[in-house]
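The following pair of complexes shares a single chain, subunit A, combined with subunit B in the former and subunit C in the latter.
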Partner chain A sequence: MKSLSPYETPYYFILLIILLLPLILRLLEGKRSMWYQNLLTFFFLILSFGGNNKSQGIALIFYIVWQIALVSTFFWFNQKRGQLFFYSAVLLAILPLIIVKVTPLVTGGISFIGFLGISYLTFKSVQVVMEIHDGVIKEYKISYFLQFLLFFPTISSGPIDRYRRFVGDLENVPERFEYVGLLGKGIQMIFLGFLYKFILGYLLGKQLLPFVASAALAERGFSINLLFYMYVYSMYLFFDFAGYSLFAVGTSYLMGYATPVNFNKPFLSVNIKDFWNRWHMSLSFWFRDYVYMRLVFTLIKKKIFKSRVTASYAGYLGLFLLMGAWHGLTWYYLVYGLYHAGLIILTDRWTRFKRKHQAKIPSSRWTKFLAVGLTFHAVCLSFLIFSGFLDTFFKSLH
Partner chain B sequence: MSFRKNVVKAVGPFLTALVIFAILFLAPFHFGKLSDKKLTEAATSMSLEILKGDTIKNQAVGNIHYLPFFGSSELTRMDSFHPSVLANKYHRPYQPFLLGSAGTQSLTHFLSLQSMGGAAEGKKIVFILSPQWFVSNGVSRGMFAHYYSPLQVYQWLSQTEKPDDSSKYCAKRLLQLSFSQEEESTKKMLVRIAAGEPLTKRQKFICQIQINFLSREDDFFSRFNLISRKDKVETEEKKLPATYDLSRLERVADQQGEKASSDNDFDINNHFYNEKIHRRLKELAGSQQTFDYRSSPEFSDFQLVLDEIAKKKMDVLFVIPPVNERWSNYTGLSAPMLAEFSAKIKQQLTSQGFNNVVDFSDKGKEKYFMEDTIHLGWRGWLALDQNVQIFLEHENVPRYRIDPYYYSKEWQQKKNG
Partner chain C sequence: MNEEVLTILEEITGTDEVKNNLDIDIFAENLLDSLGTIQLLVELEDHFQISIPVSEFDRKQWSTPRKIIQQLKDSQG
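After this line comes the complex of A and B, so read on.
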């Protein structure tokens, strides 16, 4: 049997809508049929991780057992142990992901412990470990944690939900009127997702992109076609991923869970900081809360940097390098990370400069236009690096 | 009450979309016949939608006014002597309906022919086959995929009740050429047919659903505008004398050919020469010495076409175009090999009763017969026109004797007819 990747074929959506129907009807009465939701989760997991993807399914089972053992042990024994215990727990939670990311570099093949969505499950698990350590997660149930990890609408590529928020939705079934609102929004999101992913994303990625790619390569040097490639790829990346995210969030809404959204008009950002508050939001917020904040806090507490500003720049560097490395251990993902760290530090310098010389720097509708335009181009350039096309491009020159 | 209103507001748009979708794609009605104007435009279009679809081409084939021309890239060489231009200029009782484009070969034409159903029964058609189709691997996967019509493949699948030699052969070829976008379920059906087993009930059901859906889609989108070469036909027409006079037309053809191929010594259209040849002239010298069109799976693919023609009792004029001799001398393409190719293909045709064959293969040296290297042009189109007139005048009841031997590897590989 051939497995079915989430949100890719009409067949998947037809199945989804039909099987969600009983759940939706119960929710309209203000009740949630938990056994049915669990059955649905099980079914969709089999659909995506069964059949010819069975090896991935087995990897997923082992992974889940590993994380539950780890997080439960950490929760039960946390109070009595110190920092070392905490750090080892985080490391052990990330370990499978590290192995999956490093294996291709060492052996050239794909690791057998990997599966679709391992990154996103790791983000969730690390988050829970950290919040248990912080003492903000006071109640922990294995069943809730399992529900959180395996929530099928978001399992393959996010958005990355928060444990406490999710448990809130799990425990409190939305009230009928509230649910009707979610239902309407969910349907709207899924249909907007169709437009984004299957019409715009398809036209840009499948029709236009190969065309501009070969045009750019045919020039045997820098040309305007490379610029076209940059724009087309950036738009494709947005519509494809935003479309996917809309499906995931929309499906969550239909099930009565308000999974956070991932995109908020990112190409209208006025600067890079603004951009990261609008682009792949659940990921950038995760990096902000669990990498950046903690790194800066430690750097200041341990007095490694005297100035808070320098510490925050080191934090940005750490955040974006890690994000780049997470995308993959190739030169272009790392450069992508460095480039964004550089941009955000530059933006910070500029904001500070502007604050000091407020009187002399003009601010109007036009400067805002300029800011949006500049940010858009800086971002598109980063996506050109991210696409890996430059790698092909430079190799073609030789 | 207000709760209900909210529910309607939430799911109303979705339900409306479902209803519109169901009406458009599943309800059992057709949008009605296409206008004559639309068909006239479609006749010279050669667009992908027409070739892959059913609505437009089947209506044209069922209409006595249209004479289908099956072929490939030569159909797009529209000078003043192109069949579409001559027919329009001299008010012939027929209009050529062009079915083919660069890269359409036997297998694509077979799928297209079988999808015409009863509309093509007893129809007269012109079929231009190119020696260049018969390369050692036959049609390329990329080209085949480009013209692949899921609708026509489902139609073929659903009509294959008891797989015979031809359907088993076809299924095997489709599997060989199958590409990643093809549905997994289709591949499974092909595997069954290739093994000589009929489709299961469930597979037939899938076919029916798909045909229903795809033909509705085809019917719907056939209403929209398509590329038309009507303007091109009208411009070319103006260059022709008002009345049909063969010797005058031959003079015009020579004049046009001379003028259009002034840049080079090969009598190749200047535009084509500058685009495709000029820069690579040196590397092309002697580059075709090893080309061989005598053994190819295309011979059996072509047999599928013949089989289908026989089933539909169609009356066909086959045309074998030449290769520009000045050019083939330069590239080293073997003349004896070409002669053997045309002998082989003629054997396949005449031994099965396909006797209307125009063999132009010895016309490669005639000036302005070819527009460029391998495509018919001025004089060539004019010569074809003479043959088409004779073909149309004669009513004949074809008697075909289909021989499954032509599906064998032995025939595909056999070099001397």
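After this line comes the complex of A and C, so read on.
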């Protein structure tokens, strides 16, 4: 049997809508059929991780057992264990992902413990460990954690939900009128997702991109075609991933869960900070809350740097390098991370300068227009790096 | 305590608006960013000997000077 990746084919959507119907009808009566939702989850997991993907499915089962054992142990014995216990738990939660990321560098092949969505499950698990440590997750149930990890609409590529938020939705079935609102929005999102992913994303990625790619390579040097590649790839990346995210959030809404959205008009950002509050939001907020904030807090508390602003720059560097490494251990992902760290530090310098000299710096519709244009190009350049096309491009020059 | 919290906020945000308007939304008005938030948590820890973990800090519940004071009173029990 051939397995089905989430939201990839019309067949998947037909199955999804038909099988969601009983759940939707119950929710319209203000009730949630939990056994049916669990059955659905099981079915869609088999669909994506069974058949010719069976080895991934087995990896997923082992991974889940590992995380449940780890997080449960951590929750039960967390009291008065100190920092070492906490750091070990975080490390053990990330360990499978580290192995999956490092294996290709060592053996040249992919790791047998990997599966589609492993990074996203790791983000969820680390989050829970940190919030248990902070004492904000006071109630922990294995069944809830399992529901949280395996929530099938978002399992392959997010958005990354928050445990406490998710459990709120799990425990409280939306009121009828509230659900009608969610249902309407969910359907709208799924249709917008079709436009984004299957029309715009397809035209850009499958039709236009190969065309500009070969045009750029044919020049055997820098040319305007490389610039076209940059624009096309950036647009493709947005419509493809925003489309996927709309499916994932829309499906969650149909099930009565208000999974957070991932995109908010990112190409209209006025600066890089603004951009990261609008692009792949659930990921950037995760990095903000669980990496940057904690790292900078510790750096300031322990007075590692004289200036707090320097501490925050170290935080940005840590955040974006980690984000780059997470994408993959290749030079272009790491450069992508460094580049964004540099951009955000530069933005911060500029904002501070602007605040001091407010009177002398013009501000109008036109400067805002300029800011949006500059940010857009800075971002597109980062996506060109991210695409890995430069790797092919430079190699083709030799 | 109120006065002390407001002074800390004034120093971090660099404006006395936080003293004049206790209901000003410090995030919507761009008075406090991520670094500002961390500074606030560090200062509050040092001044009141209480520990506020980063994940306790929900932007919605800490969005105005009045709410911040209330949160502190709650956590001091």
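Here is the rule we go by: the second predicted complex is superposed on the first by the 398 of 398 C-alpha atoms of A that agree within 3 Å, B and C clash if a C-alpha of one lies under 4 Å from a C-alpha of the other, contacts with A are read in each partner's own complex, and residues count from 1 in each chain.
Quick note on the criterion: contacts are C-beta pairs under 8 Å (C-beta built on N, C-alpha and C of every residue); 3 or more make two chains touch, one makes a residue touch a chain.
From a predicted model like this one, the values you see are computed outputs, not experimental measurements.
In the superposition on chain A, contact is made by A:L28 with subunit B only, not with subunit C. Between subunit B and subunit C, the partner in contact with more residues of subunit A is C. Of the two partner chains placed by superposition, A:K306 touches none, neither subunit B nor subunit C. Contacts of A:F177 after superposition on the shared chain: subunit B is touched, whereas subunit C is not. Within the superposed three-chain model, A:K265 lies out of touch with both subunit B and subunit C [touch as defined at top]. After overlaying the two complexes on the shared chain, residue contacts for A:F191 are found with subunit B alone; subunit C is out of touch. In the superposition on chain A, A:K138 makes contact with neither subunit B nor subunit C.
Interface residues of subunit B, counted against subunit A in their complex, comprise 3, 6-7, 9-11, 13-14, 17, 184. Interface residues of subunit C, counted against subunit A in their complex, comprise 14, 33-35, 37-39, 41-42, 45, 53-56. Residues 2, 28, 176-177, 180-181, 183-184, 187-188, 191 of subunit A are the ones that touch subunit B when the two sit in their complex. In the complex of the two chains, the subunit A residues touching subunit C come out as 130-131, 133-136, 273, 288-289, 292-294, 296-297, 300-301, 308-309, 312, 315, 355.
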